[in-house]
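Dumping the structure here so I can ask a few things about it.
Should a chain be cited, it is by its letter among A, B and C, assigned in written order, with residues numbered from 1 in that chain.
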Amino acid sequence: MKFSLVKLSALAATVLLATTVASCSGPGTPAAQTTPQTTSSAPELSGTLNVFAAASLQQTFTDLGTQFQAAHPKVKVSFNFDGSSTLVTQITQGAPADVFASADTANMKKLSDAQLVAGTPVNFATNVLTLVVPASNPANITSFADAAKPGIKLVVCAAQVPCGAAAKSDAASAGLTLTPVSEELSVTSVLGKVTSGEADAGLVYVTDAKSAGTKVKTIPLGLAKPTINEYPIATVSSSKQQDLAKAFIALVTAKEGQKVLADAGFGAP
Amino acid sequence: MTLELSAVMAARDVDVTFSVGPAETIALMGPNGAGKSSVLQALSGLVKPDAGHASLGGRSLFRSGADAAWLPPHERGIGSLAQEPLLFPHLNVLENVAFGPRSRGANKTAAAQKAWQWLAEVDAADLAGRKPAQLSGGQAQRVALARALATDPQLLLLDEPMAALDVNTAPFLRSLLKRVLAGRSAIIVTHDVLDALMLADRIIVMEQGRIVEMGPAATVLSHPRSAFAASLAGLNVLTGILHGSSVMTDDAGLVAGRLAGSMGGASQAGGMSEESPGRDATNALAAFPPSAVSVFLDPPQGSPRNCFAVHVTALEPQGDHIRVRAGRLAADISPAAVADLSLVPGDAVFFVVKAAEVVLYPA
Amino acid sequence: MPALAHPKLQGRTQQPWQFQAVPRWVFALAALGALFILLPLFGMVAKVNWAQFIPLITSESSLDALVLSLKTATASTALCLILGVPLALVLARAHFGGQRILRALILLPLVVPPVVGGLALLYTFGREGLIGRSLNVLGIDIAFSTTAVIMAQTFVALPFLVLSLEGSLRTAGQKYEAVAATLGARPSTVLRRITLPLVLPGLVSGAVLAFARSLGEFGATLTFAGSLQGVTRTLPLEIYLQREIDPDAAVALSFLLIAVALVVVSLAYRTPRSPLRTLVPRGAP
């Protein structure tokens, strides 16, 4: 027994080390190591820009990052995609972020309450919920009301996360009482349960539905006043790359940025 | 109960055939690695022989071939006692002894009764409540014996049961074994010639997986045929061809001696006689004890003595003598003589033995 | 002899000095290793909002999560015992082709991320899965049920029990089992009366590890079972969720989880030591 415990703890140590190494080389940590800023009037932008962005922005922001790097060859854009609240926690704990793009205003407020937002956040996109069903639509759902029927395996986000709060208010405005079989911790979990065919229906953002392609069928909620999720973006006040950060935010809010976002299904602010 | 065994174990290079009569105790002897334990394991059912058959009291234990059969260990009715007592550490002494009867279907009371009876038999009733960890080596071995006997085994296998005991404890267990083995079929593996003499009716000597010698204990020890039996008996044994009252040995020249009075040793060796390598009457052995050997630095003159030119290989204390080893031969001389000759290993000396001290007998 | 009989050396608490072949720098690194585990625990305990602790952990959702966690971890430990003991026995005792590969595969959940385990379960027992499809036809629906939670926990915890028990079985060896067989005990009797009692410490520690692993299961549960209060939302899921809006509640619940785990582990390590260790005979009377 002693031997096996030793083996076990060795194994545990290995696993621990592996995780440590993984998180060390993760996207969040590379330090904002930059060449010193020149003081000339027309500075050429250079250095590394750390963008902390909500997970739902992964596709679009990666594209925009590539564009940004093409325009500024001496710049490297490094992304950290995660849940908005996780990102806020990381930044308040000192993670080197230059730009923060949140999936809701509440988390942006948390960051500005912590005195970590430079200037005023700008809303750059909106997102609304939609109903998705597996491509085969096993429960023959054609409307939001169908998904609320008893016996239907509906999956939504938990009320504690933004997509769950939106689901709650959308259901209220449709006059429906939802009886979900699961309240997931993230919108990607909801989408996963639908694409795997485990659930009959799920409430996700239109951008998620779009990214899932043909694996799901999208059924609009058909609400007169859908809950609109605002996406704000801001420079982190502790950033040493204020100019770079501003330039990136400018790209996101400019026509090029807006086109990329619109293509992915985001609404205009 | 009669045991008939014939077993071939290819991986261990063992091939043996022998039988054990009712109430007979066999001492299975031989150098380490001779395959003695393999034979016991095959009988217990802990290893499967590649070929052969065995039966105990008419019941087949295993059989190879077209009508192959295999009796699992728990149905064999063969008890065993090893060098280690192997008492179950989580059970107390009484529970250990009662384990066998209980496993064979006896109810709790009957099993406990039987356990008490056998604990008393091995003089360990006062230990009944103890855990094995609280026993000395000798006590544990007695309890292990009681445990093996409590199942009324038809055959008892003892694998060096006294090897792990100290010199003060072994005699007690030996006399205990002598008492309980009376009237039982048993096989005891031992390196101790005293065990063989006291406990066994017959000795079987194994070397390299084969039986090289078997016969009544007294005969094997007084007229050893194998090198191993000779060393057990503490005798110098040379092999060769009989010429009158001398043996022409393979490597030590002509050895004169007296022909043994009893030449019947070979025929008494039971089932061995047919396979005995020595049916040819001219093959013979010459045996003499180390105490009959004198050591000289120069070849002695005259008198009908046997003289061997040898090199001393080792000097060992042996009781109040010094044993002078020279290859296969040994001489016991007094420490004073050793000092007188100022012997050291490597010396060239002459071993001299009177013809009257050498016993010749057919191989 | 007089030295041995010295009363000072007889006490159980005061161990006589013994030579240890451990270099001093090893102790330094060992202390560092212990700190690495203990400091984060202290760090978290320091964050607990004690004034609000009781209300935080007795909220309806917290209690539901705690009860569900205890229930499912107990059930999965039982399942681990039923499936893991035979598995460990076969791996430790039997000889067959592909045994080494089987062992490696069975230990896979130890090194694979739990999310992967959850996906594997999903694609096997899920509604569209390999076996799930047939089960669905039979009217058995595992998804989003407490059964799914127990399955996810068993999947990740089973290797802990198997590994611990197999090690114990190998250490114990087969000598006692062979003796028991020659005494007339049938294989089932040997298992019940000899093998299992001998490896009891390994079995207990394996079960404790399995329980602890089940209690902490997150990824596989999330992927395979979903998250619904009182049905599939175990304590770790509740902690993750609370973290989104109420870090105080998350910390309080984390502390609760650690406390429960600590109680279980300390209870288990109070079991008697292996009987095999006390085999060396002590002094002959």
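Simple rule for what comes next: contacts are C-beta pairs under 8 Å (C-beta built on N, C-alpha and C of every residue); 3 or more make two chains touch, one makes a residue touch a chain.
Here the structure is a predicted model, which means the values were calculated and not measured.
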| item | value |
| --- | --- |
| Path length in steps (a step moves to a chain that is touched) from chain A to chain B | 2 |
| Innermost chain, where centres are averages of C-alpha coordinates | C |
| Furthest chain, CA centroid comparison against chain A | B |
| Distance between chain centroids, defined by C-alpha means - chain A, chain B (Å) | 83 |
| Averaged-CA centre spacing for the pair chain C and chain B, given as whole angstrom | 51 |
| Inter-chain centre distance, chain A versus chain C - centres from mean C-alpha coordinates, in Å | 35 |
| Chain B-touching residues of chain C, taken from the complex the two chains share | 175-176, 178-187, 189, 193-194, 197-198, 200, 275-276, 278-285 |
| In the complex, chain C residues that touch chain A | 110-111, 122-123, 126-128, 143-144, 160, 163-164, 166-168, 171, 199, 201-202, 205, 209, 222-223, 225-229, 232-233, 237, 240-245, 247, 274 |
| Of chain A, residues touching chain C in the complex | 1-5, 7-8, 11, 15, 83, 85, 89, 153, 155, 158, 160-161, 180-185, 189, 192-193, 196-199 |
| Complex contacts: residues of chain B adjacent to chain C | 44-46, 72-80, 82, 84, 86, 88-90, 99-100, 103-104, 131-140, 147-148, 151, 169 |
